[in-house]
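Right after this note come the structures.
Below, subunit A partners subunit B and then partners subunit C, in two separate complexes.
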Partner chain A sequence: MNDKLDRQALQRHLDQLPPMHPERRAAAVPMMQALQIEHGCLDDAAVEEVAHLTGLSVTEIDELATFYSLIYRRPAGRHVLRICDSVCCSLRGADRLLIAAENYSGVPLGKISPDGAFSILPSICLGLCDQAPAALVGDEAVGPLDEASLEALLQRLREED
Partner chain B sequence: MEAVLTHHLDINAPLNLQAYRAAGGYRSLNAAFDRKPEEIIETVEAANLRGRGGAGFSCGLKWRLRGADAPRPRYLICNIDESEPGTFKDRHLLYGGPHQIIEAVIVSAYALQAEQAVIFVRGEYAKGGNGLRRALEEAEIAGLVGTNIGGNGFDLQIEVHVSGGRYICGEETAMLNAIEGRRPNPRPKIPRPSVKGLWGYPTTTNNVETLVNVPHILLNGAAWFHDLGVNGGCGTKLFCVSGMVQHPGLFELPCGTSARELIFEHAGGLAEGRTLLGFLPGGASTAFLLPEHLDVPMDFDPVAKAGSRLGTGSIIVLDDTTCPVQVTLNLMRFFARESCGFCTPCRDGLPYLAQILTAIAAGEGQAEDLALLEELSDIIGPQSFCAFAPGAVTPLISSLQGFRKHYESHIATGRCPFDAADRNGA
Partner chain C sequence: MGTIRIENHEIPFREGDNILKTALAAGMEIPYFCYHTALGSLGACRLCAVEITPKDPGKAPQVVMACLEPARGGIEVSISSAAAQQVRQKVIEFLMTNHPHDCPVCDEGGECHLQEMTVACGPPYRRYRGRKRTFTNQYLGPLVHHEMNRCITCYRCTRFYQDYALGDDLGAMRLRNEVYFGRFQDGPLASPFAGNLVEICPTGVFTDAVFRQHFARVWDLKTAPSICPHCSIGCNTLPGARDGMLRRVRNRFHPDLNRWFICDRGRYGHQYSEHPARPLTSRVDGAKVSYRQALAAAAEQIKAVGDKTGGLGSVREDLEGNTLLRALLNGFNGIFTAFSDPRLEAATITAVTALQNTTGAPSLAEMEQADAALIVGDLTAHAPMIDLALRQAYRSGARLAVLHSGPTPLARFAATALAIPPHEMSVCLSHLSERAAAPSAANSNQKEMLANIVVSLTASHRPLLIGVTETLSASQIAVLAQLAAALGPGARLAYALPGANAYGAALLSQTGRATAMLEAIETGHIQNLIVAGNDPLGDTRLGARWRAARQRLDSLIVLDCVATATAEAADILIPVAAWAERSGTFVNYEGRAQGFTHTFRRPEFLPSTAEVIADLARHLELVLPDIAAALGDTFPGYQAPVPGAPGSPLPAPAIPMHIDTTIHQGCESHPGRWQAALSTWYGDDPLASFAPALTELVPAVAALISPAAALNEGIKAGERVRLQGPAGTVVLPVQPDNDVAAGTIALTRAVLAQLGAGHGDPLELEKVS
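Moving on, here comes the complex of A and B:
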């Protein structure tokens, strides 16, 4: 078990589980989200802890963790940038943005930039088609972007830390 | 036309409880509590409010079919898992007016006599989900949500669930699994969720745009709702227009407004000198329509008659600098990636289609590939477990029909004819 895990905070998710949910398993996703906000991703110890608290097996929790695109089982950069690659953003230049992002960060999409500042991920439609081509920085929407504004954004994220 | 659903929306500064009430918000609660639940359902059915999430099923009929004597507890789920490419209307509703959503959930739950409601928000809208939670807290403190609401003896608990991601969670039965903490595969269609849904109890799921119409129908009546539409449509519709138009955006207009008006008046038309190649009328999983369909009223039945679906009412526009093979490939890659992987025709079939399209788009396709794409589509759609794969092959089949000569030219010349042009339209 990982000493860093805040068991009390996790237990609160169980305690606060609305009575409409008769089984503890309903708290699995909210717990994983809380752990990720705290630690950046879910390591094996975190998965074991969620399994323990929800009464599910480690395999069942891992099945959920790996199914969901917004739950990470590996560390990510300090900032996560999701660039939409679906149809509307693609029509308005997302393909070029993805190439520019890779060139700027110097690592393939999905990898952490060498300075640890960011991870850049392609994403399904973000519901930002009216700002295409668009992206999310954490939970904040940005767009429309071009290569220059994307590089300026990455530069800013890098300098923020 | 006066905006109904977008009247108070402000994405940057949504109204808090006090301001929303001052603007007339939550008035529909009294209108609801003054009536019997079955009267409300009759009114919603008479208004011909059809599902705004894509299926277009009558909301009132869905509610009535669940049955007034359904066992308890009963659940209402408000679907804000908007992930259909081209669709961003629910984001505006969520970020711009959380109290409008809570009001709609309260009166809809009252009509259904459901004591539990879950508002399911896609994970990419987590910030909007937080805003909704804050609004819910305000409503709970004010006694609008909880026990004995308005002294009327009606109890309602509302939970905001923010998803972990993935398109399939928006499917009604996959969402039930997601809420229960199970892998979000779709469930078998029988028993229906209205009989055995969340935790095995009667569950009614509606898209958020559908639900936010309900308070207005209660306050103004079914006839008023009918009169809002044009060309036979009922109510207003939140139309999204994106892609190769000058001003992509959200437009609340009468249901039944033509695609021509949406694209050329409201979204500013195409860039100078461009012509329309075609458009998707209702998001990524609908069939392409062509310039000859521009005057079709954007309403459920007329769009179906034209060979497509109104879907989410989200128009994605292609102009003559857009390679339709590339666009179709992008759609297929989306669906191949988002398949939940539960059934084989979908999990293995969609990547196969994407692979063939990749070759054609790159000028490496073979003459027999087009027949192969059609044959595979005919197998994959009907043989798969849920509606996802049929939706995935729909734009492909229509693209092969409507843009045939573009496919043939890629294969015949061994290159993409749009490569020379700047298809990104910068």
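Moving on, here comes the complex of A and C:
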């Protein structure tokens, strides 16, 4: 479910998740994903909502949310670009990509670009070693990248909006 | 049981124990961080590396974690092998890459496990010159200070907080080298046991925020073995003082009681002895005088009225003070009791008598072994460490049943939690007792739940019954004892008593003396009252009556270390030493007499209560036995317990148990529409209420009623109601609470004191428009 839902549809989706899981609390992660699609990140209110719906404590939900690097506890840009910096990608120039991305966006890694278009994050191995140096744009895998193709990619994302 | 060879010594081990536990038990040192006797092994820190050589010569030696490797016969363990030492050194070096170089400004410095381990096994220099990982700290409330950069990720904090103490507001966030131990949002830690983080953290992530205000290095602190004065458990503590000032209190290991932990009331309640309003100079009619002048004035008053003198001891006053005050009163046939409320006097004496007629109350360690427990009242507020022991029993699978009138945190862990109005508690307990003796059919939902409680208690091997004395009547306490007897010899009985020395005070008092004393004052038969460590004028239920009676007194002589309402109203006030400034004995809920000794002396002359009474007797030219003789006369065979020793049972002649279960039937019949219930919290006791940091956490004052009752009355949350009690009126916002029984208004001690109502007394409630 990648498309945004209206509040009622989201609530219906959230309500049907716990019965789908034999362990009610196992619904926590899909719930967090649904709320993140809706709000762009999982803010404190969303953590409280998941806690309420799963019967877990806010601490347990926060432990879970902060454990998964694909769940954002802070607002992110409209597009999130995750550049792999693990061994294969690093050997094939990931560090240069990160510097280029930082220069292009004009803000340090992890921050939202001034126009709100993207956040660029270094990432642990994405399993795309065959396409090294690789990256993930939202759910889409891209690679191999170089500085030029990365800039073109960022340009395209900026213009998409 | 086999033997394992560690460092060429044959060490016996118990089946299932790991190498680390076996070695530590034998007094051999293996460095470690994350292992803790109470929390077990985790293998997070990787420091306890040892080299083991298997029996089979074909297998090569290997380095393993001693905390994860089961002890087995035939293997040889080397702590000192080069391979093991090298692993430990690398682990320390790795942990130190991110650990700040801030030992000189860190509160943990000097008693830091990380510091010690680094010196013991780490490399002498830091090679890492890169950037260190840094975190933003959180505000965790007035008791615990947070400094996450120092963390070495041993997980002891969350294992204690979540797994052991069952708290849910501190967690392990994030992952990899960014793991962060904190709360969802900034805010005070909610657990009554949060202060233990200070001791369980092997380095300076969690430090004592109260101690931080007047910090001293550990080697500058004067310490002495002590006993916690804040409830009847008698946890062993180690106060630390410097420059005539009490700085902090830490846990001191007692094998049967508190062991590694104490509650936050015990850790932070000590601030009362540093309270700016604490009386430190004697006063006569409001004027500051010397100790000698105050004594002379008191003696003159007593001589003037002759035998018309009464003595009110206290459940928080030590055994010596109470015993000598009673001996003084015996000298001129005066009345002595340690209780300002006759109801509490009867309840406490009945509880102590019941315990003397059974095998006695179990220790906390024994309570943890219970497989079913019935709890009557709110243990978290009245004896927090029993609550912690029951949380351990719950973790081991014990079925808990809680009967309560107001909110109680333990209800969360109970298999059965029944909210019962105070006036129905007797019927409920009698029903349980009758069912245990002779099972009968249940005819209502509540009775069915009670029947289930009896079934669970009867089916268990080690059932435990615990009552909170302050919220039970004498007859209810007796019925609980009857229930224990009906469950057979395996059942254990305990009561959370109303003070550190309530057991000892009860043995020195007699039922009916509090009423007799109050009436004697009201009729002018007592004109002079000596109060030692008690606050009758601030009494929750009878404060107004005591204040009226006080007007009839010629003279009120008060010996205390806190500025209570009674101390403020005293004609003659003689300040005495707080517990850390004197030696004495407290008798805990089990009847265990434990000695404590003074940690330090203040610049002011502050004698103990017993010393003041001895001096007073000399001024009165009365021949009073010395403390040892007075105790020996009262408790034949008494030997003063040695401070620091585990304590010994107080030798007291058993009083025959007299159960009068008819008393309560009368007060059942006309409960009125609303009833008061005492709803308190873990930081509440007469002394700790003078501790500023702890009192910052006092829950908001409200009238707690059940949501059904709120709906019935048409009152929404936050709307205000006027409560009318025998002594006054109070207007409060309403807060619906599922844990409050029907027809019950759960109120704090201070509100009850304003209303002049005790637990179970009728109240009037009216909505304020």
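As a convention for this text, the second predicted complex is superposed on the first by the 139 of 161 C-alpha atoms of A that agree within 3 Å, B and C clash if a C-alpha of one lies under 4 Å from a C-alpha of the other, contacts with A are read in each partner's own complex, and residues count from 1 in each chain.
Heads up, the rule we're going with is that contacts are C-beta pairs under 8 Å (C-beta built on N, C-alpha and C of every residue); 3 or more make two chains touch, one makes a residue touch a chain.
The structure presented is a predicted model; accordingly, all values stated were derived computationally and were not measured.
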So, after the overlay on subunit A, do subunit B and subunit C clash or fit? They clash
What's your read, subunit B or subunit C touching more residues of subunit A?
-> B
Examine A:Cys88 and indicate which partner it touches, taking first as subunit B and second as subunit C; both and neither are also allowed.
-> first
Given the touch rule stated above, what does A:Leu126 touch, subunit B (first), subunit C (second), both, or neither?
-> first
Using the touch definition from the top, say if A:Arg96 reaches subunit B (first), subunit C (second), both or neither.
-> first
Taking the superposition as given, does A:Asp62 touch the first partner, subunit B, the second, subunit C, both, or neither?
-> second
Subunit B versus subunit C as contact partner of A:Asp44, first or second or both or neither = second
Applying the touch criterion given at the start, work out whether A:Pro18 contacts subunit B, subunit C, both or neither, answering first, second, both or neither.
-> first
For A:Leu70, is the partner it touches subunit B (first), subunit C (second), both, or none of the two (neither)?
-> first
Among 3-11, 39-47 or 453-461, subunit B is struck only by the subunit C stretch 39-47
Touching both subunit B and subunit C, residues of subunit A = 63, 67, 69
Touching residues on subunit A, where the partner in the complex is subunit C | 44, 47, 57-60, 62-63, 66-67, 69
Can you list the residues on subunit B that touch subunit A in the complex?
-> 73, 75, 82-88, 90-91, 116, 118, 122-127, 157, 159, 161-167, 178-184, 199, 240, 242-244, 248-250, 284, 314, 316, 318, 322, 326-327, 330-331, 334, 337-338, 340, 424-426
In their shared complex, at which residues does subunit A touch subunit B?
-> 18-23, 25-30, 32-33, 54, 56, 63-64, 67-71, 82, 85-88, 90-93, 95-96, 123-132, 136, 139-140, 146
In the complex, go through subunit C and note every residue touching subunit A.
-> 162, 168-175, 180, 183-185
